[in-house]
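The same chain A turns up in both complexes below, where it pairs with chain B and then with chain C.
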Partner chain A sequence: MVLSATTDGGERKIRRNGSFGYVVPALLLIAFFFIIPVLMLLMRSVLEPTPGLQNYQELLGSTTYLRVFLNTFTVAGLVTVVAVVIGFPVAWLLAIMPDKWSRLVMAIIVLSMWTNLLARTYAWMVLLQRTGVVNKMLMSLGIIDKPLALVNNLVGVTIGMTYIMLPFVILPLIGILKAIDPAILRAAALCGANKRQCFTRVLLPLSLPGIASGALMVFVMSLGYYVTPALLGGTSNMMLAELVAQFVQSLVNWGMGGAAALVLLLVTMVLYAIQLKFLNPNRAR
Partner chain B sequence: MTQPFLSIQGIRKTYGQVTAVKNVSLDVAKGEFMTFLGPSGSGKSTTLYILAGFQDPTDGDILLNGQSLLSTPSHKRNIGMVFQRYTLFPHLTVGENVAFPLRIRRIGQAEITERVKKALKLVRLEGFEDRKPALMSGGQQQRVALARALVYNPPVLLMDEPLSALDKKLREEIQFEIRRIHQETGVTILYVTHDQEEALRLSDRIAVFSQGEIDQIGTGQELYANPATHFVAGFIGDSNFINAEVLSSADGKAKLALPGGTVIDGVPMHAGKAGGKSASLLLRPERLSLSGMQVANGLAVTINDITFLGNNIEVSTQTGNGESLSVRLPFGHEAISSISRGDQAWLSFEPKSTHAFA
Partner chain C sequence: MKKQTIIAVLAATVAFAGQAYAADMVFTSWGGTTQDAQKQHWADTFSAEGGVNVTQDGPTDYGKLKAMVESKNVAWDVVDVEGDYAVQAGNAGLLEKLDFSIIDKTKLDPRFVTDYSVGSFYYSFVIGCNKDAVDACPQSWADLFDLAKFPGKRTFYKWSAPGVIEAALLADGVPADKLYPLDLDRAFKKLDTIKSEIVWWDSGAQSQQLLASAEAPFGSFWNGRLTALAQTGVTVETSWTNNITAADALVVPKGTKNKEAAMKFIANATSDKAQAEFATMTGYAPINTDSPKLMDEDLRKTLPDQQAETQVNADMSYWAAHRDEIGTRWYAWQAK
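Presenting the complex of A and B:
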């Protein structure tokens, strides 16, 4: 018993040492395409136009740029909340639907993800504009008398981005919700819990790890989003990615662009670290 | 006439074309341990689920203390239930699981603590309050589920094959606990199982379900000694059936001709649908006696095998036309020494102790 365990462990060790060579190409790939570019960006952000931290000082010291940061977090937070609030019931419905139907709906959701992002965003522009379908419908139903401003503002960005982010909430949640035994909810009902109590005291706590990881995913992705805010948002609610694009494309200021990009990366990494520490799905159960 | 405590009246349940429960009626007395016994798909679980309020019957009514339960949703029925699968809330500790029904009922913390402690003591899991369900064995989890179902003193406790996921030894141990808890609390229990031994061990009365109907209701002894149908006879206890020809029948007694020509008289006869010339005769293995010498009115058989099973010996035999019959003899029975495999032997029995089903 002991002997075989030792041999087994020894073999595994040898295999692990021997396999190091196989990961070298992957490491090189990551180094060349991910780590080195980030380091170069870091270098430019502290070296251009002159060495020092003045880029970061300017970025974090000016109210204009701080408003961009604030706006970025507002949009990302808003999109996350709306996506979870809409995504949870959809995921629940898909989890309890007969498989035949849920597969169809899931195929539609995935298909929308495969459709070109730019095309989908332009479609929202058409739908949401002053003379668009949404405004026309609301007016013909008598809900409003003059068209609402649904694009070039926060509303437009939130609608467009929520639509794009929804699958990232729904798809992981379905798995988690499907894993919850319906008998547990029946047990809760017989214990006296009404529908609302079953939801708040049993279903919600059990699906919290899924909600949290989906929400973090959406939040992090939203922080760096470019196309949708650029097309559906207005100038007054610029997001960080747009700022980076402006620094690099219009102002050819690689120093400021790099600094803004790195601040975004840092925030993202901190959030990811928090997720790893507190929301590890393997630990939550 | 006093009204029954719990009365199930003509319950029927259909799913489209399929009828799960045909026509189930029974009364349960307060404090009774009633078991629904039957194979899977016999309608016993559906009946229980209708009681719990998870399903509505197509027809019929359920009265508790004379009041219909059907319009009351599950969460207001105040019924306890232990399920086949483990249904403890995985995010709560054992103590919080048991406290759950009390918290829903907005009971004060001091009383909750006390009642949770009492309930856990009842299932012999004192001091497990802070344990998470995932860290407990299946048997322990079902005991916590039992504590959770009893902590709010429900008038009726439903149990849907709660022990089917456990191994045999643990099952017997918890059966014993369930009996003790039933005696200590006096709660009325409706218990679903497909295991006849479990049903016999636990119940005051057993309702045998077959194809969406109750074939017979009675104590274990009644079902064993006087089975009303062929199905009950085959389901409770060990049984042999042989074909016989009905020569005449009157007043529930029949005169039968067995294969090989033996004629027996005075066999309790249970009328079936056909009412024809042939009947199926129930012979309990332990009610048969075996002899190496020809006996009057005996049934000639060939010995196929003799198996020693500790306190008794099982002899498998075969009649002249190929029907097999097993005979159980007590250890040390005199016939054993004189017979061996392949020998001719004779079986005899009291006609009164057998049953014929047309």
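Presenting the complex of A and C:
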């Protein structure tokens, strides 16, 4: 969205030419293979086993399931914060590097996104387990004498997911950071701002739209994540997607599965609406 | 014009795909080394004899199976499922009745035969231990549940299925013949005592990884996975004390287009030879009572059917009747 802002003139031209027809195949695809099946699943949430809202009552009335909701938000929130804190300096470096270097670093970042998700997650498992590379290294360096619990818990999920989500913070941020005129920072320094003030009072506010859109994207994607939490987390950090999988695959209780999926979808849509309303980069400009 | 061409191409593709399916049949199982063995000794031999091409698919997914049957678009012809699910799905009308004029059930272990399913293979939950990683190995379920005697992580099967609840009750002193009906309160209370030290495995491959790396140096495993792991050079000690048996089952989803091929496939898969060869390769026990005599004597000793002394049979019909209730409680307890 940040990168593909069209001008009003361009939009008008497209409408005048009647080229809207070109999006019809995509819309049909989404309608048939996404919207209709989702609606059918949602119908089950109010029809199975008997018509009514009992599935929602059970889902929202049970402390266990509320815990799963809480876990989901905790993990998504943690991942978002860590990804932004780590991603911002990377994005800033990429924005100010000479082009040929930044292209290389970008390629490395994007390359990680092209590697199979399951392979990457298993790799983390091997790295982080008690007898894994990380623990062995720390122990041989004498930093710790007992292995740290880095996997099958919140730590493991956060590490694994942050790593996967990083590019989604970095990529939108670069665009915003590149658009900031370095002269503004020089001007701030000349006016007597120290490095800290340059950052908190000039750079940070200017890059806020990029941070916000990256953070929201990561948060929303994290809410629905399945594989990584299932493999790197313990059952006490269970997230919503895993709950849905249990209902649909193991218990074959599609009513409850549909209800849990709808709640997740609603939360995601509300967050997306907030993004559209308040964080539209075109409007901010 | 263009639009018509596209439609024609699409129609041709669909027709072709449909045809390809009609000539084949699809066998679905859980993947990994187990399905490799099923392919080699059940499917490939069946294709060689009868000329029916068997496509492998997986992993088994009860949600998908239900969706296929309900939408009358059944893409799986024979499916390997857990025994308790087979009973439940049969009662729920999701399965075809098996044709016992094609499948010879007189040679099959009657514990695993119903109108809708026959055993696929049977296995035991046993106590496995990585001897290289610890000084002493737990010998009984009580040991495995004893954090003072055996501190550290231990691993158990993650999904709601026969096995872990029985193990907890046995560890708590319930006699093997008094397990059913399961005292869930007591089982969960016992499980609570070790919950912080449990690492869950959700696939056979993961259980092997956890044990081999000593992330969890002991736990409850499918016996065949331990046999396979020992073959890779890991020093595995297996305790068969109160091993808990459960079986997988072969079922045919209702509405399959290749019903006859499916029945013939099952007849071949449960034949004495196919069962013996599968058991030799995987370490799981054959459900055909004629198979053991076709097998190597030394190897037979490692199979669960030789460990009957303290063996506990998980009650599949009890589980089928209470599967949803136990499952809901199981997952809620895990998430706590």
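The rule is short, and it goes like this: the second predicted complex is superposed on the first by the 259 of 285 C-alpha atoms of A that agree within 3 Å, B and C clash if a C-alpha of one lies under 4 Å from a C-alpha of the other, contacts with A are read in each partner's own complex, and residues count from 1 in each chain.
Simple rule for what comes next: contacts are C-beta pairs under 8 Å (C-beta built on N, C-alpha and C of every residue); 3 or more make two chains touch, one makes a residue touch a chain.
As the structure is a prediction and not an experimental result, all values here were calculated from the model.
Engineer: After the overlay on chain A, what do you see for chain B versus chain C, clash or fit?
Structural biologist: fit
Engineer: A:192 contacts which: chain B (first), chain C (second), both, neither?
Structural biologist: Once the two structures are laid over each other on A, A:192 reaches chain B alone.
Engineer: In the overlaid three-chain picture, which partner chain does A:115 touch, first (chain B) or second (chain C), both, or neither?
Structural biologist: neither
Engineer: Mind working out whether A:184 is in touch with chain B, chain C, both or neither, as first, second, both or neither?
Structural biologist: Only chain B; A:184 stays clear of chain C.
Engineer: Thinking of the overlay built on chain A, is A:57 touched by chain B (first), by chain C (second), by both, or by neither?
Structural biologist: So A:57 meets neither chain B nor chain C here.
Engineer: Let me test your reading of the model: by the given contact rule, A:200 touches which partner, first (chain B), second (chain C), both or neither?
Structural biologist: neither
Engineer: Can you tell me whether chain B or chain C touches more residues on chain A?
Structural biologist: C
Engineer: When the two complexes are placed on top of each other via chain A, what is the minimal CA separation of chain B and chain C in Å?
Structural biologist: It is 46 Å, taken between the nearest C-alpha atoms.
Engineer: If I apply the document's touch criterion, which positions on chain A are contacted by chain B in one structure and by chain C in the other?
Structural biologist: none
Engineer: Could you pull out which chain A residues touch chain B in their complex?
Structural biologist: 181, 183-184, 186-194, 197, 201-202, 205-206, 285
Engineer: Under the stated contact criterion, what part of chain C meets chain A in this complex?
Structural biologist: Interface residues on the chain C side: 61-64, 66, 153, 158-160, 199-200, 202, 209, 213-215, 324, 327-328, 331-332, 334-336.
Engineer: Any idea which chain B residues touch chain A in the complex?
Structural biologist: Those in contact with chain A are residues 52-54, 73-81, 83-85, 87-91, 100-101, 104-105, 134, 145, 148-149, 152.
Engineer: Which positions of chain A touch chain C when the two form their complex?
Structural biologist: 62, 64-65, 67-68, 71, 125-126, 129-132, 151-152, 230, 234-236, 238, 243, 246, 248-254, 257
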